[in-house]
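Next come two complexes built around chain A: one with chain B, the other with chain C.
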Partner chain A sequence: MLELTDIINALVLLSNFVLIPALSYGSQLAMGALGITLVYGVLRFSNFAHGDLMAFGTMLTILLTWWLQSIGISLGAFPTALLALPFAILGAIALSLIFDKSVYQFYRNQKSSPVIFVIVSTGVMFMMNAIVRLIIGPNDQRFFDGTKFIIHPREFKDFTGLSEGLAIKSTQLLTVVITLVTVIALFWFLQKTRTGKSMRAYSDNEDLALLSGINPNKVIWITWIIVAALATTAGTLYGLDKSFKPFTYFMLLLPMFASAILGGIGNPIGAVVGGYVIAFSEVLVTYAYKKFLIYLLPEFMEPRGLAQFLSTDYKFAVSFIILVVVLLIRPTGIFKGKTIR
Partner chain B sequence: MKNLLNENIRAPLAFAMMALLLLFVGVSQSWSVALSIFNLCLISAIMSLGVNIQWGYAGLLNLGVMGFTALGGVAAVLISQAPVAEAWTAGGQNILISLALAIVTIVICLQVKRRVTNIWFRRSALGITLIIGYLAINHFYAPGVKAIEAVEPATKGFLGGFGLPIILSWAVGGMLAAAIALVVGKITLGLRADYLAIATLGISEIIIAVLKNEDWLTRGVKNVAGLVRPVPYELDLQRSAWFSDGVRWIYSTKLDKLSEIGQEKLLHDLVIQNSSIFVKLCYSGLFTSVLLILLILSIKALNSPWGRMMRAIRDNEEAANAMGKNIVKQHLQVFILGSAVVGIAGAMLVTLDGQFTPASYQPLRFTFLIWLMVIIGGSGNNLGAVFGGFFIWFMWVELEPLSIFLMNLITANMDGVSVIKTHLINSAPHLRLFMMGLVLLLTMRFMPKGFIPEKTRLHSIS
Partner chain C sequence: MIYLTAENMTGGYGATDILNGCSISVDRGEIAVIVGPNGAGKSTAMKAMLGMLKLRKGQITLDNRDITALSPQARVSVGIAFVPQTNNVFTGMTVEENLEMGAYLRHDHNIHQTIEEIYQLFPILGKKRRQNAGELSGGQRQQVAVGRAMMTQPSVLMLDEPTAGVSPIVMDELFDRILEVKQTGVAILMVEQNAAQALNIADKGYVLVNGTNKHTGNGEELLANPVVRRTFLGG
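== the complex of A and B ==
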């Protein structure tokens, strides 16, 4: 006989291990994918250095956080990293603009093919990667402080009397809220302001935009500024939520590209939706449903194994398989992005 | 000075410089180190040849080099390891059944895709087939894997291989890589160039993920060590009479000057030293012959009508298409060929190491570094790719001590216990990543055709 408490327990379990983690991971992916999609839309190339730009920005946040902590400044319940973030963004913007001026601009003027840009961006990736490793080293760094839990699993159990605990980490809530604010601000900027409109116009048709007197250099600068800000914020939130390791950030490139392409590359709404779809698929497919099913199914139907579709080690495979399926079935993504020839 | 930049003498110049660099290492560090670098230079050169076939001939941006290298390594394990009979009886049958079921599922899916025309009917049929197929495969697969991995997990826990000489795996590695490349190419070729890059990067990550987790195949992260060598072992050499006689003969002038006891002692040391050099020389011989064969074939292919067609497709796809060339088919062909060459190199690498460690496959080392070799050496030019393989590998190895030296120089005036000083010295190895990136960017900017550029052939109609 199915009891109500069992159903509630099952739902709490699912929220705790699937819904909430996927929501925060999805937000981080969405912000990362937005950066990739903006570079693709405006600058017209796949930026392989994006993961390492994220790592660079996060590294600055960490160093500033440590410095702030050492002189005794903190935000109380909030992580100190939030105070360091704006300054780290400035640093990431500076680095992006330096690389644009010294590297990408030349190929833009030459009207090089996208492949050349990809190769060049891997060169930039090497250098950014090296800078990060030189300064902060290749190891795991934690920089979280402040209140850890908004809802503590034990308190939740005591309060509700359920056997399953629900944990909401403050970083998870922060991630979702900051993403929401950032995405709304970005869309308002792109849709309503003059500069945002000029960016979209430039992305749609470069020649027409130039004819209408849009200054391409300004558009490119603004794009890098937004991209660096998004990357640093996404990286910092990911680092707060999990931990910071340069190699992990490099590996995030794949799910972020998958998100951008799934949503329709060059399309900001698509990047956000894509981020959440990829995150939810990764978590849903690699979650072991054994306990969940035990709550819901009568005893004789209970699963013997873990009831897991794929082992957690295949997370990358999930985002990648989605990527391939999208490229094969609907190459423009869910929302029409740039056409792929 | 102008002559130095003449493109015709650049190739001999480059290789002469490379030889000098290696000789310098031999004299200043040791011959053993020089030979180790040389052997890996040879393997790198073969990988670089493979990538050059894809990028230089046809303009395909394959960032999955790491995956194909690892597949070559798998071949080395599967060919050379002895079969584990207990594991086969425990779960071999289940694995074979699930393999057969996987093939059946794929065949049914392909048939459905071809025969059923109604789009929604087709999609639901595909979905149902996949779900049933997954459940059926899992029913046999999971217990099979569990049984196999339970067989002596500390040393075995996998099906083992064929127990054949490892040198066969070089060819098999190429074939395995080619087979996977066929599947990958079918899926991804036809995408735009930078999408192909992302897709192949992803596929290589998946290949590594599979190798790390499917313990029944190659023991996963537990690694396979002690692969049987194709060349003699140092200990056997030291014990054999002909080897010490040979060493005595080579060093006879030096030995004759010493007393009897001194002779014995020196000879003993020399035999130990030279046994390791001899083993490395054997590898060098094997690798050099493979490289030469592949290089000759590559040069022949590039100069043949096939090579001309490939270049035509690379330089102007539409025109080549208009001339009746099937671009997707040719791309697939060149993708398979290049991957096979990379697979051969992958098998050779594992042979040299004597062990297979999936965790050691890192994209920076096995994908992007190889790309660097091709681009800096000269894409489209086989000699250039070989030179790039030599040069970049040499730099990759020697930049590490060099950056430590540099860091020591920079920090020489700093306080002995300064935190910054130790940090800088410890992070010196990362400096080479920076230099590699810088070299790539500088080459792309100022020498986009690489050090030994592709020859542009101009035929005038006389």
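== the complex of A and C ==
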């Protein structure tokens, strides 16, 4: 017979390995995809350097964190990286503006086609790639400190008497809370402020924005500032949650683009929704349901294998398939973004 | 001197000239209409007056001030507003946001008063203020476009084929609204395909052919002119 404790155990297991990880991974993707979508909406190109901008910003956070730790400054229960983050954001903004002024602006003045811009951004990607590897190297870096668990699995087990322990890491909660605050602030900015509206107007209809007296350079600079801030925050949260490795950040480009395109590229709400859909798909498809099913099914029906749709090695295939299907069936995405040209 | 005057405009986009010594002027509280066959340079003439086309010869003055060298943006800030023929609203923004963006150059605090004035002029916009401009009908969109242009409180309003693609009923309504704008003392310059109807409300008409003035006169004169009727108005 199916007992209540079995159901609860199954649900705790699912929260531990699917719900909570997908929620925090989805938040990180959402913030990354927001950056991609803003660059596409305002500057009108797919920015392939976005993953490496994230890596660069995170690298600055790590270096500053190490320095703060070495002089004995910490945030107690919170990771020291949160203290380093604002300064790292400033560094990432500076790098973005330098690349805009020295590279992208030239092609804007030439009125280059979007394809040229994509290739140019690939060049910028290689440069950022090299900068990060020269400074911090290609290896895995850990920079998390502070309290690791908000809900500790063993304490949860002792407290409830369940055989499954619920685990919520502080980095997971931080990720979700910071994403929520950032996304609300960004939407408020875009919907309610004069500058935010001018960004939307410029993205909507460039010629009419110019006729209305909107300064294109100001809009572009503000876009880079927001994009660099989002990228650094997303990268730092991802690094705290897992670990920092430049190559991993480059690989994040695929799920982030899939999120932005799935939601409708150029549409900020779409980027957020897309981030969560991609994260949940990835985690749901690569999770091994064996233990979960053992709790719920009668003994004779228990699975012999792992009950896993796809090995975690293939997790990027999920984003890739979603990306291809969306581009084939509904290129404007869920929320009717722009079509990729 | 007439309020907005363009004299002897000559120039084009490439090696060949589209405008060949064309002159157009309009005073405040007046409607001037540019008509002519396809490719006559009607829109080009208007764009030249807005500064979107570099002229080889000619001079444009606004209130006796030479504005020939000013960029389109600079001309907007001295009081010329322009309603493009297509893509003339921010489709992803609400009607009210469209109007706010029209006032982007203004830094005073009376923007909301101007928005209310626009709603009085175009009551339908007031009702649909929270709706995205992209969801409106063609005629309503044109009203948003004119409203957006009016937000700078311009002294000159230029309209590039405002009635293109709208039904005759909507066209009549738009022309009524444009006559109301004229009553406020704005100088209005229009390029129109619907020549007969446009000349009906015009104080002044210019018939352009190959980038030069072919016929000039007040609306009634041109409508009564047999040559103009036969060649441009379809009999």
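Here, the second predicted complex is superposed on the first by the 339 of 341 C-alpha atoms of A that agree within 3 Å, B and C clash if a C-alpha of one lies under 4 Å from a C-alpha of the other, contacts with A are read in each partner's own complex, and residues count from 1 in each chain.
Here is the rule we use: a contact is a pair of C-beta atoms (placed from the backbone, for glycine too) under 8 Å apart; a residue touches a chain by one contact, two chains touch by 3 or more.
Treat the numbers as computed from the prediction; the structure is a model and nothing was measured.
> According to the stated criteria, A:I131 is in contact with first (chain B), second (chain C), both, or neither; which is it?
first
> Which partner does A:I151 contact after superposing on A: first (chain B), second (chain C), both, neither?
Neither partner.
> Looking at A:I225 after the superposition, I want to know if it touches chain B, chain C, both of them or none. Which is it: first, second, both, neither?
Neither chain B nor chain C is touched by A:I225.
> Given the touch rule stated above, what does A:L90 touch, chain B (first), chain C (second), both, or neither?
Neither partner.
> Between chain C and chain B, which one touches more residues of chain A when both complexes sit on the common chain A?
The partner with more contacted residues on chain A is B.
> Given the touch rule stated above, what does A:S198 touch, chain B (first), chain C (second), both, or neither?
second
> What is the contact status of A:I334 with respect to chain B (first) and chain C (second): first, second, both, or neither?
In the superposition, A:I334 touches no partner, neither chain B nor chain C.
> Return first, second, both or neither, reflecting whether A:L11 touches chain B, chain C, both chains, or no partner chain.
neither
> Show me the residue ranges of chain B that touch chain A in the complex, using the header's touch definition.
Answer in residue numbers: 59, 61, 142, 187-188, 191-195, 197-199, 201-203, 205-206, 209, 212-213, 363-364, 368, 371, 375, 423, 426-427, 430-434, 436-438, 440-441, 444-445.
> Give the list of chain C residues in touch with chain A in this complex.
72-73, 76-77, 82, 84, 87-93, 97, 100-102, 104-105, 148, 152
> Residue numbers of chain A touching chain C in their complex, please.
194, 197-198, 200-201, 203-205, 207-214
> Which of the residues in chain A end up touching chain B in this complex?
Against chain B, chain A makes touches at 45-46, 48, 103, 106, 113-120, 122-127, 129-131, 133-135, 137-138, 250-251, 253-254, 257-258, 261, 305, 311, 313-314, 316-317, 319-320, 323-324, 327-328, 331, 340-341.
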